[in-house]
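To start, the structure under review is shown below, and the notes come after it.
Naming follows writing order (A, B and C), and every chain is counted from residue 1.
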Amino acid sequence: MPRYTLGELANRLGLELQGDAQYTVSRIATLVNAGPDSISFMADARYRKYLAETRAGAVILHPGEKEYCPGNALLSDNPYLSYAQLSALFASTPDSDTDLVHQSASIDPGARLGKGVRLGAHAVIGKGCLVGDGVSIGAGSVIGENVQIGDNTVIHGNATVYHDCRIGQRVVVHAGAVIGSDGFGFANDQGNWIKIHQLGRVIVGNDVEIGANTTIDRGAIEDTVIGDNVIIDNLVQVAHNVRIGDHSAVAGCVGIAGSAEIGKHCAFGGGAGILGHLSITDGVTVTAMSLVTNSIEAAGVYSSGTPLEPKSRWQKNYVRFKQLDEMARRVKALEKQIQKLTEEG
Amino acid sequence: MPRYTLGELANRLGLELQGDAQYTVSRIATLVNAGPDSISFMADARYRKYLAETRAGAVILHPGEKEYCPGNALLSDNPYLSYAQLSALFASTPDSDTDLVHQSASIDPGARLGKGVRLGAHAVIGKGCLVGDGVSIGAGSVIGENVQIGDNTVIHGNATVYHDCRIGQRVVVHAGAVIGSDGFGFANDQGNWIKIHQLGRVIVGNDVEIGANTTIDRGAIEDTVIGDNVIIDNLVQVAHNVRIGDHSAVAGCVGIAGSAEIGKHCAFGGGAGILGHLSITDGVTVTAMSLVTNSIEAAGVYSSGTPLEPKSRWQKNYVRFKQLDEMARRVKALEKQIQKLTEEG
Amino acid sequence: MPRYTLGELANRLGLELQGDAQYTVSRIATLVNAGPDSISFMADARYRKYLAETRAGAVILHPGEKEYCPGNALLSDNPYLSYAQLSALFASTPDSDTDLVHQSASIDPGARLGKGVRLGAHAVIGKGCLVGDGVSIGAGSVIGENVQIGDNTVIHGNATVYHDCRIGQRVVVHAGAVIGSDGFGFANDQGNWIKIHQLGRVIVGNDVEIGANTTIDRGAIEDTVIGDNVIIDNLVQVAHNVRIGDHSAVAGCVGIAGSAEIGKHCAFGGGAGILGHLSITDGVTVTAMSLVTNSIEAAGVYSSGTPLEPKSRWQKNYVRFKQLDEMARRVKALEKQIQKLTEEG
């Protein structure tokens, strides 16, 4: 369990400390659940009510909030970012007294491993792989032939990377993720599906996060490309030939169909769907469970869907949806009749 | 293949037998497909038509239905529950003549295993794990450091449990499930995503079922908590800090966003979505593919969405959705005009 | 890297060549990105503009398009099908100088393997399995007891097949897929969920594709059945007792609930949902993210859902959805009033 003095934390995070530099904290906690051993943070003024009563040994907050802070304060222009940086200091690190490469890992003699590479039990590294310095590959993960993995990337347990894929530096791939599976490509021969072999690769940039059990298919002919600093949550499907621009964020259960091109700094809410062969410009946000059916050419927030209601009320409205077009025509007819009556009147 | 006399089954299930106690059955079958070697059940009077013609050797049914049963009957106030209990008697059990711990399993010397623990080939048990009596861990599953697993829990093949998580007793975790992956937490630093290390755990109660390839993220600071007797289907995403109350049921492909608090005895239909930072009270049912966007404070059934139609008809109504607000204003305007005309008239 | 003369390709694909039979190509490329070393194809006249400018060494196209082709042409009545057949000639094949069965694979002595079976590192084959000729099972995959796998089937890494399942010939199962996990069956005993043990199997036909991290549950009593030449994308959930007819296609993130019966030649767009205990006839297409709530008895295309809009506009329409039934009543009332006014007028 790491312990830090507030002076050390102020120094590491580049923040001004107002309080006792020798005070020691050993965990991060929310304002509500913090104790004297905890450092907390307030990133939103809505939580000010908890600030007054917190038992935290120190709180990271905006300079404008310091008057409301009863104890030690670390002042940050972006407290949430400072919390993110702080979290890295409290994250558990691999045990330094265990062997780096587990004896049961299977490493093809034709693979090249950098310095300080960690391989969990039963991890598999295929022929021709190039694994960068400081890479960690979890137990049971399978890295196919000729895969390249950049420095300091972490792949958790039971993930699978197919042959020829490229993964950048400082990438995190969570357990069960699959990178480089075949795209869903078939030609129809008189009702019979004939497989189109998928000859492209998946190229993942630097500083990317790929969630647990997420799947990213290899390209049909060219590559599927995930830009730098793209963050992808769990159970997301990225189809073949998709391109996702730098710094975009994809929440859980999103599906992105084949050949969709997504810009930079986009964000997709949970369960959203994006159809194939369209393009979405930079800076587009799509809210949860919305379906993108056409290209989007203007930055902004987009949505589809209907509101949640008690089922009995919803059903009444739901059946009326089938009459919408008819209702529009009837409203138009009424307007004409009224017009006529008014003129006659 | 197990075989039971009806007398034995009546005794084991605590049911009254009307018929031949020495009659032997060796499998469970539906009324339609049963043969003389089968025991069947009728849990719904709608299937009464099949009861008359069944060839089953015996049928579990409600006492009120016995007059319609042509053969041996086992009388139950809850035939579906009796069928569930019966199914356990016919389930395949691990082969008793195989070694409990496969020689290829990797067990850290710092792990502690209870009595009668089964480990499949290439299973991995990390340092500091506490594995209860009678636990079964499938081939290729990876249990991280300091995980605790309660007695008689079954983890199927290729599942992954991250460090520090706690799993209760008599839990079933299906293949490929991931428990304890990082929650999707990032701070934005001028367009750049900075990872927030996820310091909490996943705490899973007793008698829980977790489906294949389902993912449950660890908490950011505090824990993600799955209550007792929660049942979760396949490909479900449970985000960080979520809390699910006892006896709730989550069908396949559901996504639950971060910090959602779900009550007891709730049920979510397939593909439903629950946004984050909201709470749902006890006894709420949400139907398939509905999206919960706000807290729900009253028990009941909730829905969103529109009806399925032939595409050509649907398209006409679909485009009208964009005019709904305008249409409402036009209806209001018409009402005013009519009002005026009527008054004038 | 394979190389072919155009004469050889014309012969292998059964196409007429117009051009230089000795010309050699070594990769497939799109019209836009092709170089002189590439063979390309045009399956849609919309790409004719790229045809004129392509640098491809040869192009597969319809005889009716040959006048627009500046160089070597291979004439096909179905260019997309010819491309699919071509792709197989350029697909990477396993390294012939590696051992077929990795020494770390775990094969139960009671399993029977056909000729030319490939097993990756740490693959697990359970007792009683019958593995056909030419089958390839990827690293880390787990095949439970008494599973049968037909000739020339390929199972990629970290997939899991539960006991007793049957998989046909020439099937492709992608990484992380789970076949035969327990169906989601529970009886409710006064609020308590009691597990119904799932005694059926999964039966997969011939020439089937199953995507990465897709899950197919075993039947409760009878079997879950996937017909011949069914193609299933990634992250699809197929619940217990489902039956999918031959030649149907299921895109990514689709969920099919228990006991749904799906016909032949059906197609489901990404994220579509199908409720349980219903039947869908042959030749039905359901568009992306639509929900099927009732049986479908006529072939055709079906949809549900609302259009994507900028959030500010969508919200105005979204809230009106709750007033739809009321609006319909108000329109009807207006019609009556107008009728009355007109008659009075």
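Definition applied: contacts are C-beta pairs under 8 Å (C-beta built on N, C-alpha and C of every residue); 3 or more make two chains touch, one makes a residue touch a chain.
In this text the structure is predicted, and so the values were computed from the model without any measurement.
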{"item": "Numbering shared by both copies at the chain B-chain A contact, with half separating same from different", "value": "different"}
{"item": "Rigid-body rotation angle, chain C and chain B, from Cα fit (steps of 5°)", "value": "120"}
{"item": "Centre-of-Cα separation between chain B and chain A, whole angstrom", "value": "25"}
{"item": "Multi-partner residues of chain B (at least 2 other chains)", "value": "104, 122, 140, 158, 176, 213, 235, 253, 271, 289, 305-307, 309, 319, 321, 323-324, 327, 331, 334, 338, 341, 345"}
{"item": "List of chain A residues in touch with chain B within their complex", "value": "27-30, 33, 78, 80-81, 83-85, 87-88, 90-92, 95, 98, 102, 104, 120-122, 138-140, 156-158, 172, 174-176, 207, 209, 211-213, 229, 231, 233-235, 247, 249, 251-253, 265, 270-271, 288-289, 305-312, 314-315, 318-319, 321-325, 327-328, 331, 334-335, 338, 341-342, 345"}
{"item": "Touch list for chain A against partner chain C, complex", "value": "104, 106, 122, 124, 127, 140-142, 144-145, 158-160, 162-164, 176, 178, 181-182, 184-189, 191-199, 213, 215, 217, 220-222, 235, 237, 239, 253, 255, 257, 271, 273, 275, 286-287, 289-294, 300-307, 309, 313, 316-317, 319-321, 323-324, 327, 330-331, 334, 337-338, 341, 344-345"}
